[in-house]
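This report refers to the structure that appears directly beneath it.
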Amino acid sequence: MGSNMVEHLLELGHEVVAFDLSAEAVKAIAAKGATAASSLQHLVGELAAPRVVWMMVPAGRPVDAVIDGLTPFLRAGDIVIDGGNSRYTDSVARAEKLRKQGIRMLDIGTSGGLDGARHGACMMAGGDREAYEHVEPVLRDLCVENGYGYMGASGSGHFVKMVHNGIEYGMMQAIGEGFELLRASGYDLDNQNVARVWSNGSVIRGWLMDLAGKAFAQGNDLGWLGGKVADSGEGRWTVEAAIELGVAVPIISGSLFRRFQSQNEEHFSDKVVAALRHEFGGHAYEKPGEGEGKA
Amino acid sequence: MGSNMVEHLLELGHEVVAFDLSAEAVKAIAAKGATAASSLQHLVGELAAPRVVWMMVPAGRPVDAVIDGLTPFLRAGDIVIDGGNSRYTDSVARAEKLRKQGIRMLDIGTSGGLDGARHGACMMAGGDREAYEHVEPVLRDLCVENGYGYMGASGSGHFVKMVHNGIEYGMMQAIGEGFELLRASGYDLDNQNVARVWSNGSVIRGWLMDLAGKAFAQGNDLGWLGGKVADSGEGRWTVEAAIELGVAVPIISGSLFRRFQSQNEEHFSDKVVAALRHEFGGHAYEKPGEGEGKA
Amino acid sequence: MGSNMVEHLLELGHEVVAFDLSAEAVKAIAAKGATAASSLQHLVGELAAPRVVWMMVPAGRPVDAVIDGLTPFLRAGDIVIDGGNSRYTDSVARAEKLRKQGIRMLDIGTSGGLDGARHGACMMAGGDREAYEHVEPVLRDLCVENGYGYMGASGSGHFVKMVHNGIEYGMMQAIGEGFELLRASGYDLDNQNVARVWSNGSVIRGWLMDLAGKAFAQGNDLGWLGGKVADSGEGRWTVEAAIELGVAVPIISGSLFRRFQSQNEEHFSDKVVAALRHEFGGHAYEKPGEGEGKA
Amino acid sequence: MGSNMVEHLLELGHEVVAFDLSAEAVKAIAAKGATAASSLQHLVGELAAPRVVWMMVPAGRPVDAVIDGLTPFLRAGDIVIDGGNSRYTDSVARAEKLRKQGIRMLDIGTSGGLDGARHGACMMAGGDREAYEHVEPVLRDLCVENGYGYMGASGSGHFVKMVHNGIEYGMMQAIGEGFELLRASGYDLDNQNVARVWSNGSVIRGWLMDLAGKAFAQGNDLGWLGGKVADSGEGRWTVEAAIELGVAVPIISGSLFRRFQSQNEEHFSDKVVAALRHEFGGHAYEKPGEGEGKA
C-alpha cells in the first residue's frame, strides 16, 4: 500500500522522502523518484518544518515502535499521520501522548484496495483539525474526487474506517449467501453473467459486485481457491465496539462468525448437538471421518 | 416409538390391537401381549365403538395413506389420532376432511425420546375436545405426571410440538456453542465434570444438560462421532411458520442454518467472500484442498 | 413502474399499446404517445403477431387474472412477459400452463427503482430462449448498458431477482448497523459527509451508499421518518427458498427478521426473557409502559 | 446472595464472621447467628489460620477494594474466595498478585439464583487445588448434591460461569422466541398450560421451563412487566471471549443483541433502511411518531 501511494504522489509532482525497514523497498521507490532515507532520523532530517511524517505500518506494536523512533527528532508543530489500520482506541491514546510534546497526529483510515492506493483511494481522517487542513492538498491528490474528508476528533478516522470494514464484512457475506443460493437453485446459472447484470442498473450495483464479476470470469465455481476466509482485526474490533456501545450488530457479527467457521473444518458445537440428538432420540450419527455420510 | 408406547400401555393393563406394515414388528409386539392385526380392516374390526386408532407413522404421505386405508371401515364418532411429527397445517386439513365423515381427529405431538415413549412421555394434543376427553386416560398412562394437555383446535398439538422442537434446536445450539468455547479456552476442562455441575442447581439445568453429561462420559472430545447434524422437518417448519406469521426467530433459524452448514464441507459463500477479498485487496487465498493452510 | 417504462420506450421510438384498470392511467400515458386500449381484448387486437404482452402488475392473483383475461385472445407463438415481482415457483407453473397453448412466457425480474424504470433499468430474464431473443431489442433499450441478460429456464429470471433482493436486504442492514454504530460513537459525526467519502473510492461504494448520502442530506438524524421497515414478499421468499434448498442464510434472514422487529413496538420474546430473569434472579423489571426505565 | 448463603451455612452449623459496608446488613445477619465484624481487619482477626475469606461483592473495583483492604491483615496460606461474577481475566490477574504474597485465591462462579443461594446452589471453582480441597466441605454444604466442582487453574471458575451465562442467554432467547410464535399462532393458547406440559417429560424440560410456568401463572400475556431486558456483564464477556478465541457464537451473540435492542425504542439502523428503501423505490415511509402506521 505504502509504495503504491508514494508512486502516486511522485507521479503528481510531490516530493517524498521514504524509509522502510527493507533497504530493497527503499531502493525500489528511490528508483522511481523518492528521496531514500536510511533511518527515521535521516528521514526527519530531510523534511522542512512543519514536518509531515506518514506511517503505513501494520497495526499494533509496529506503530508504537515507529512513533517511539520518530519522536526524539520531531519538534512541536510537526504532524504524524497513521494511515494504517490501527485500532481507534490506540489512535486516541497515541494522539494524546504526542499532543503533550506539541506534536499533532492524524489517524487516517484508507480504503480502496491496492489499486486505490495507486490510482485514487478513499480516506477518512481524524485528529487535529489544523493539521488536517495542512495536509489536505496531499489527500486531494491521493484520493478520488470527493473521496476524503475530515471526520472529527482523534480516533474518528480509524473508527469510521473500522465501521466501513464492518459494513464490508456484511455486504460481502450477503453477496456470498446470494451466490450460494443461485448455485443451489438447480438453474445452472452463469455467475459471471449474473454479476454483470447486477453491476449495471440494479439496486445492489457497486464495486463489490464489479469485483464479483471479475472473480467469476476466472471460473463459474471459483475452483481456483479454497473457502477459508481470513479475518483481520477490524471486523473483530467493530463487534467489540458495538458490545461496548450497546449496539446490536447481528449482521456484522454474523459475517465475522462465518469467517471463523470457515477457518476450521470441525466445529465442536456440531459434535455436541449431534451427540445430544443421539442421546435423546437414538438418532443415527455420523462416525468420525465419515465424510460422505449423512448423520 | 410406536412399539415402545404399546409396550408401555400393555404393561399398565391396556388392551391394544397392533398393526404394522412389517409382519415381524406385529409378531414381536403380539409376543408381548398385543392383539395382532393383519390389516387396517382387521385392526378396525377388532375395536369396539367408538374406535380409537392411534397412528405412529412418518410425516407426509404415510399418514395420508393410513387415513385413506382406515376411513372405509370407520364410523361416525370414531377417533383417529396422529401421534407423529406431522406438519400442523396438514393436520388441520386432515381433521377437516375426516370431520365431514363424522370422524374425530386428534393431533398429538409427542416429546421425550425413545425412553420417554417407553417409560413416560410428554404429549401435546389438539383437535376435538370431546375426543380428547375420551382418550385422556390413555394419555395419563402414557405420560409422566402433568406431562400432557389439551392445547386447542385442530393442528394446535402439532403446532406446539413444532415450536417445542424449534426451542430445542436453539437450546442445543446454545449448549454447543458453550462447550466449543470451553474447549477453546485453554483451560483443559473436563466436560463431563462441567455438565455434571451444570446439571445440579444451575439455572441451565435440565434434561439436555443431563444428556450432555452422558455424552461426555464417552469421551471428553466426543471423538466417537462426526459433526454432521441432520435436521428433520420441524426446525424448517418452525422458521417457515415464523416467516408466515411475521415473527423474528434469529435464534431458532440460526440453529437450523448451523445444521445446514454442518452437512456440507464446502460453502460457496465462503469462496465468494475469499474471492472478493482477493480481488480488492490482493489478500492471499487458500488454494483448493489446501486444508491446513490459512487464507 | 409500468408507466415509467412505457414513457422510456416511447421516448426511444417504440410503439406501445397500453391498458390499465385505471382509465385515468391509460389516458395519461396515451397523452404521451401510447395507443390506449380499453380492455385486454382490445389490447391484443392492436398488436401484430407474434404479439408481445408485457405485464407490470402486483404479484399473486393479479398476474393470474391478467393471464386468464389474455389467453382467450392470444395465439400460439405469442409472448407473455411477467415483469413484476412474482414468486419464481408461480412463474414456473404459469409458463408450463401457457406452454400447453403454445404461448411463450418470459419471467423478467426488474431492478433499479422508479428512476431506473424511467431512465435505464436492470433486467433478469428467464423462460423460452427464442422468445427472449425476440424481445431482446426492447430490453436493450429499457436497460442501462450491460444491464440485462438471459438467466435460464422458466422461473430463473424471478429467482435471480428474488436473490438480488435478498442480497439487498443484507447490504442495507449492514449499512444500517454501520450508521447506528457511528451515531453511538460519541464522535458527533456528519453522516452525509461519511456517506460521501464512502461513495468515492471505498470498497463499499455503490448505489446504496449514494442513496444514503441523499437521505442524510435531508438531516443527520433522519428525523423526517420513523423506523418501521416494511417487507415485501421477496425477502420472505428468499429465506423460504434457502430452507427448501438447505442453504444457510443467516445474514439475509437476520435482515428480514430485523424488519419484522421494526414493525412492532413490543416483542413477546423480550417479556418472556425479562420474566425468566425476574423469576430466577429476583432481577428488577420494567413495569409496562415504563418507557424510560431500565429493567 | 451473600446473606442467603450465610443463612444457609449457619443453618447447617457453620461458624461465620460477617462484614458488610452496611451496618444494617451485618446486624441482620448477626441476629441469625453470625459473628458481626465491624471492619475487614476485625473480620480477619476473628478467623483462625488458615483464614478463609469469602467475598460476595459486585464485579470490578469493589472486588479490588476488598482485596486491597484485606491483604494487610492476611498471612501466607490464607485463602481468599471471589464468589461473585468477576471477569475471569480479572480473577487470573488477582490470583497472580495474591500468590506473590503467598495468599491463595479461588474464583468461584455461583449459579442458581437467590433461592439457590439459600437452599442449595451450583458452584464452579477455579484456582489453587489445595485451597479448593480445604474449602470443599463448605461447598458441599452450600450446594445441591453434585452441584459443585473443581474446574482448573485460576480464572476457570469464572470462565465456566461466564459461559454458563452465555448458554443461559441463548436458552432463554430460544424459549422467548417459542412463546412469541405460540402467541402469534392464532390458537389462543394457554401459555401456563404449555409450560407445564413442556416441564414434564419433554426434551426441553428444565428449570427455565419451570420458571416460565411460574411466570405465566401470573397472566397469559405477562402484562405485569415491560419488555426491556437488562444485560449484566457476563453475556458481553462471553461474546468478547469468543471473538478473542476465534469461536463463532451466533446464538449467544444474537441473544445479547436482542437484549440491546429491547433496551431502546428506536433503532437508527431501521431508519437508515427505511430511508434507503424510500430513496430507491419511492416506498412509502412512516412519519416519526406515527406509531400505528405501517411503513
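Residue numbering begins at 1 within each chain, and the chains themselves are lettered A, B, C and D in the order written.
Everything that follows uses one rule, which is that a residue touches a chain if its C-beta (ideal position, glycine included) is under 8 Å from a C-beta of that chain, and two chains touch if they have at least 3 such contacts.
Chain-to-protein mapping (UniProt): A, B, C, D = 6-phosphogluconate dehydrogenase, decarboxylating, putative.
Note that this is a predicted model, so its numbers are computed, not measured.
Asks: Can you give the shortest number of steps from chain B to chain D, where adjacent chains in the path must touch?
Replies: Minimum number of steps from chain B to chain D: 1.
Asks: By CA centroid distance, what chain is farthest from chain C?
Replies: With centres defined by C-alpha atoms, farthest from chain C sits D.
Asks: When chain A touches chain C, do the two copies use mostly the same residue numbers, with over half shared, or different ones?
Replies: Same residues, largely: of all residue numbers at this interface, over half are found in both copies.
Asks: Where the centres are mean C-alpha positions, what is the separation of chain C from chain D, in Å?
Replies: Inter-chain centre distance comes to 46 Å.
Asks: From the mean C-alpha coordinate of chain A to that of chain C, what's the distance rounded to whole Å?
Replies: One centre to the other, that is 32 Å.
Asks: When the centre of a chain is set as the mean of its C-alpha atoms, what distance in Å lies between chain B and chain C?
Replies: Comparing mean C-alpha positions, chain C is 37 Å from chain B.
Asks: What residues in chain B touch two or more of the other chains?
Replies: 113, 173, 175, 177, 180, 184, 203, 207-208, 246-250, 254, 258, 261, 263, 267, 269, 280
Asks: Could you please specify the touching residues of chain D with respect to chain C in the complex?
Replies: That would be residues 113-115, 172-173, 175-177, 179-180, 183-184, 207-208, 211-212, 214-215, 222-230, 250, 258-259, 261-263, 265-291, 293-295 of chain D.
Asks: What residues on chain C touch chain B, complex-wise?
Replies: It is residues 203, 236, 239-240, 243, 246-250, 253-254, 256-258, 260-261, 263, 267, 269, 280 of chain C that touch chain B.
Asks: Show me the residue ranges of chain D that touch chain B in the complex, using the header's touch definition.
Replies: 111-113, 116, 120-124, 126, 143-153, 155-156, 159-160, 163-164, 166-171, 173-175, 177-178, 180-182, 184-185, 187-189, 193-194, 196-209, 238, 241-242, 245-252, 254-255, 258
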